[in-house]
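Dropping a structure here in structure tokens format, bear with me for questions.
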Amino acid sequence: MNNDSLFKRLLSWIRESSESFDEDMTIQDVDENESFGVVDKQEHIENLEMVRRKVYSEKENKSMRRMEAIYRWFAVLFACFFTFVLIVTVSHMPKTGDLNNPANNEVAERYIKEGLKETGATNIVAGMILDYRAFDTLGESHVLFVAAIVVTILLRLDKKEKDGINTSIIETIGEAEKDDKIFEPKNDTILQKVSLIFVPIIIIFGIYVILNGHLSPGGGFSGGAIIGAALIMYLNAFGFEKTGKFFNEKVYKTVCFSGLAFYALAKCYAFFCGANHLDSHISKGIAGHILSAGLILPLDIAVGCVVACTMYGFYAMFRKGGF
Amino acid sequence: MRDFVQNFPLFSIVGCLLSSSTSSLLKGRAAKWVNTILIMCVGAMSLCVMIYCLKNGPFVYIMGHVPAPWGNEVRGGVLEGGMGLFFSSIMLLSMMGGRKKILEEIEDTKQNLYYILVNLMLCSLIALVYTNDLFTAYVFVEINTISACGLIAIRQIGRTIEAAVRYMIMSLLGSGLFLVGVCMLYDLTGHLLMSNIKESVALLSASGEFREPLLITIAFITMGLAIKSALFPFHAWLPDAYGYSTISSAAILSSLVSKGYIFLLIKIIYRVIGFDIVHDSLLLNVVFGFSALGIIFGSVSAMKEDDIRRMVSYSSVAQIGYIYLGISLGTKEGMVAAVFQILAHAATKSMLFISAIGLTDASNTSRKFTDLTGSAYRNKIAGMGFAAGALSMVGIPLFSGFISKLLFMRAAVNNYGKMMPTMIVLAISTILNAIYFMKTVVRIYSPERNLYEGREGFVKIHTKDQVFYTITVIIFIALNVALGLCSDPILDLISKGLDMFA
Amino acid sequence: MTIFQCILLFFLLVCAIAVSFSKNLLNSVLIFMSYSVIMSIVWMLLESPDLAITEAAVGAGITSVLFFVTLNRIHAIFKSAGKKKEDVKEEGNE
Amino acid sequence: MFGENLLNNYAEAVSMIIFAIGFTNLLLHKNLIKKIIGLNIMDTAVYLFLALKGYIKGRTAPIISNGVIEADKYINPIPSGLVLTGIVVSVSVTALMLALTIRLYKRYHTLDLDEISFRLRKEGR
């Protein structure tokens, strides 16, 4: 949109402004194909500095500054207009916290009245997202899964060493190790002691949150996130060697697969029975007990495992591209 | 105990999810076969659903033990089944056509991840087609967006990463607007299920209560879906994303992803807001203006390109403009034309991409027109495919593009306000299409000179080296001609399905 | 209770604006972290504890950790990435 | 112009302002990290809006304590469920965008999209 058009005009200006350094950069670009990562970074950054000094410096080009100013003003105006529209919309909306809003209709009423009987969960929200509207939640867990897959595609490093010039932007494992060593804590004693004390507590709290998902606030996702945070803390304290002993890629894959497959199969069975008016032989149990609410507890556990592994996996991928 | 066919939507969705989580453990080849079998099964099930609905009408399938307003539900109809069948067949063809490229351009340790993404993409498309619940639609739209981003970025050169970032930013804006629209709609009506929302929206518009919020909500939802499906001002990410990703991804993205969003938009117009409320609203005129601009702009910038794949990508900006034009005419004929254009464009555009890659392979993988001279002689089948696609795009009779243009004309006649501009836009864009596509066809068919003899890479590719590819292109051409020749039963199906929608 | 809620909402606004005006990437991530914490308190006041605990675990926990490790990878935090530090700082500054 | 509920819906107004701020960040900032933060702010604002919609004055969280089931004791549970689903979506999208940022930085050593596209056009690939 205006971003693009502005950019085109900018570009046309830039072209003639930066003829002088165009040559040397283009030569360099031609001889190493489709990759800057291969050339020496220092020299590359100098080139970059030159580009930025020529192109992005205020005093060297007037028109660009004018462009920037216009752009900013347009931005501010657009933001104000958008906010105004939104506020006008909200001012026509039903009252907050009012009892007879359209949102408080028979749907919510049935969730509250019949929820305990039909799902066996004391926490109505958990019962709702895992039993009434379980289709959304099934999709949601797979959103997390597909995000993990894309992060793996982007960041997992499978090359041991560069093979020639045509390795594109993909760096090698060795480089990543070197890059990661800079930020590796040098066996920080305080961190290690503190995490020795805290990690078990955090993990136990996470397990509690998962197991009580149908009785009290929380549930699979939040508990899994807590456990993942504890694992990340342990990793930061003790480094990859120690965590690699009990958590490698194989474990990650297996847990994710089993959790998601169990989730999908269980929900498929439940949907099938429900739609065909069969009796799914899943007992609701006694309300308020830990072993109750039919499928909700196992599903919470599965989601929790998947989320914990995924969070730790995210961190490991970001940190050095692999476990 | 209901008929067994009614379980097929559930089975196809859960099957996609299961196969995707299974493929994360498999090797590349195994994942490939799982993917192929899955797509075939989904297509077969959708066909069964379509036939079933033709016999005894649409059905509603409860997802869970409790009926609709409380639980989720999916809804099967003729149009849903047909769309599922069409999407899966196009996806299968695109995967077959680009198989060799996938092996070349993706690291072999990440092959299975590619097939996982394709499975999830198919799952989200099927769910968007079948779902009857707005929030479920939002969740699966997100799955669709993320897997599309993965499909773009899996070929890791700088261009694709940059294109993926642009794509993500644009479509996240779109999802944000869509989500806020859904939330406001929930607040105004108190429902998330499409049919219930329609009832309460009818009540509201009758009583004149909440008029401004309702209008702005509809505007947000439309704008979000338009951004996600690259309507004209929001197409900045499109040429890089389509032009540099691996070819199966390009075909799938251009022919299926945006179409999924547009189909969701049509569904929302019919099933959530109600056609009679939309068709005289000011919103459609805005959409009309944008789509008309998009048609012209896409064609012009496609003319300026000298890179074959970017040219094809820009022409799909124009085609998406056509679809929105049909929607914004606000008549039933316009809707039918839009749906038919979805089918025609999906078939044609994926064929163009697949055959373009054949041409570039025959000319040292360079996509510049100067190198493509006479490449149709070096790779005969690809040349045939590209020529057929170009003719269809220009709108020569006996191809599918002709029928869709005819339908647009016919629909525009019934709409007095927009008849003249529609005619003008269609005429201009047809001329521009003819110019740039015919230019390309003439170039690839201009007789081979000897200057390529010595240079390596400009090789003759024989049919027996690319059996899969040949079969794919032939099927594509057959599909296109079928859409062009026997269009009447298809149009009949479409109008039946649209009636079942309402 | 409403007074408290108003104060919290005001803080939310301040954080949201400060993120886009802060000069340094690290600062903006930290401000975003506090934004998430305030948001979880607001949800606590709105009687939805599930959201509060999830937001506190995710928004203030995992997301910020991911932001920090990203800043590490793009050398926006530490001196130890010496040569690349300046230009990233500069981008932080615009 | 303005409806009658503006003073009553001040919280929604705030959430919508935050949404607009995040939207503008995502649209107009050059720096990718700030774009991502803007995206997060936008999503959270929508969730705040939803949670406000579920709230009912003088009622408690929908967790049945010692078996008392009265419909007029608990707030509307639906928005909480939707927001729970949405938070997962937004955290996955955030992780994905951050991964893209890292890749982009490794390739171009900058976080500025305009500059990257400028260089891309100069490279010609």
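First chain written, first letter: the chains are A, B, C and D, and each begins at residue 1.
Criterion: a contact is a pair of C-beta atoms (placed from the backbone, for glycine too) under 8 Å apart; a residue touches a chain by one contact, two chains touch by 3 or more.
This is a predicted model, so every value here is computed, not measured.
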Exercise for the section: By the contact definition above, name the pair with the higher C-beta contact count: C-D or A-D. Expected result: A-D
Problem - Whole-Å separation of chain centres (CA-atom averages), chain A against chain D - result: 13
Problem - Distance between chain centroids, defined by C-alpha means - chain B, chain D (Å) - result: 28
Exercise for the section: Find the geometric centre of each of chain B and chain C from their Cα atoms only, then give the gap between the two centres in Å, rounded to an integer. Expected result: 38
Completion exercise
Where chain D touches two or more other chains at once, the residues are 3, 11, 17, 19, 21-24, 27, 52-55, 61, 63, 78-80, 82, 84-85, 87, 89, 91-93, 95-96, 98, 100-103, 107-110, 117, 123, 125
Exercise for the section: Would you pick out the residues of chain A that each touch at least 2 other chains? Expected result: 3, 34-36, 41, 45, 48, 52, 88-89, 92-94, 101, 103-104, 107, 111, 123, 125, 133, 136, 140, 143, 146-147, 150, 154, 169, 217, 219, 221, 314, 318
Completion exercise
Each of the following residues of chain B touches two or more other chains, namely 135, 139, 142, 146, 149, 153, 156-158, 161, 186-187, 212
Fill in the blank from the handout: Full set of chain pairs in contact is A-B, A-C, A-D, B-D, C-D
Completion exercise
Within the complex, chain D is touched by chain A residues 3, 7, 10-11, 14, 22, 25-26, 29, 34-37, 41, 44-45, 48, 51-52, 55-56, 75, 78-79, 82-83, 86-99, 101, 103-104, 107-109, 111-113, 115-116, 122-125, 128-129, 133, 136-137, 140-141, 143-144, 146-148, 150-151, 154-155, 169, 171, 215-217, 219, 221, 287-288, 314, 317-318
Practice task
Please name which positions on chain D make contact with chain B in the complex.
Solution key: 3, 19, 22-23, 26-27, 32, 35, 39, 42-43, 46, 49-50, 53, 78-79, 82, 85-86, 89, 92-93, 96-97, 100-101, 103-104, 107-108, 113, 116-117, 120, 123, 125
Handout entry: Footprint of chain B on chain A - complex, ascending
Key = 1, 3-4, 34-36, 85, 88-89, 92-94, 101-107, 110-111, 118, 131-136, 138-140, 142-143, 145-147, 149-150, 152-154, 156, 158-159, 168-170, 253-254, 256-257, 260-261, 264-265, 267-268, 270-278, 280
Fill in the blank from the handout: So, in the complex, the side of chain D touching chain A is made of residues 1-6, 8-9, 11-13, 16-17, 19-21, 23-24, 27-28, 52-57, 61-65, 67, 69, 71, 74, 76-82, 84-85, 87-89, 91-93, 95-96, 98-100, 102-103, 106-110, 114-115, 117-119, 121-125
Problem - Touching residues on chain B, where the partner in the complex is chain D - result: 135, 139, 142, 146, 149, 153, 156-159, 161-162, 164-166, 168-169, 172-173, 176, 179-180, 183, 186-187, 192, 212
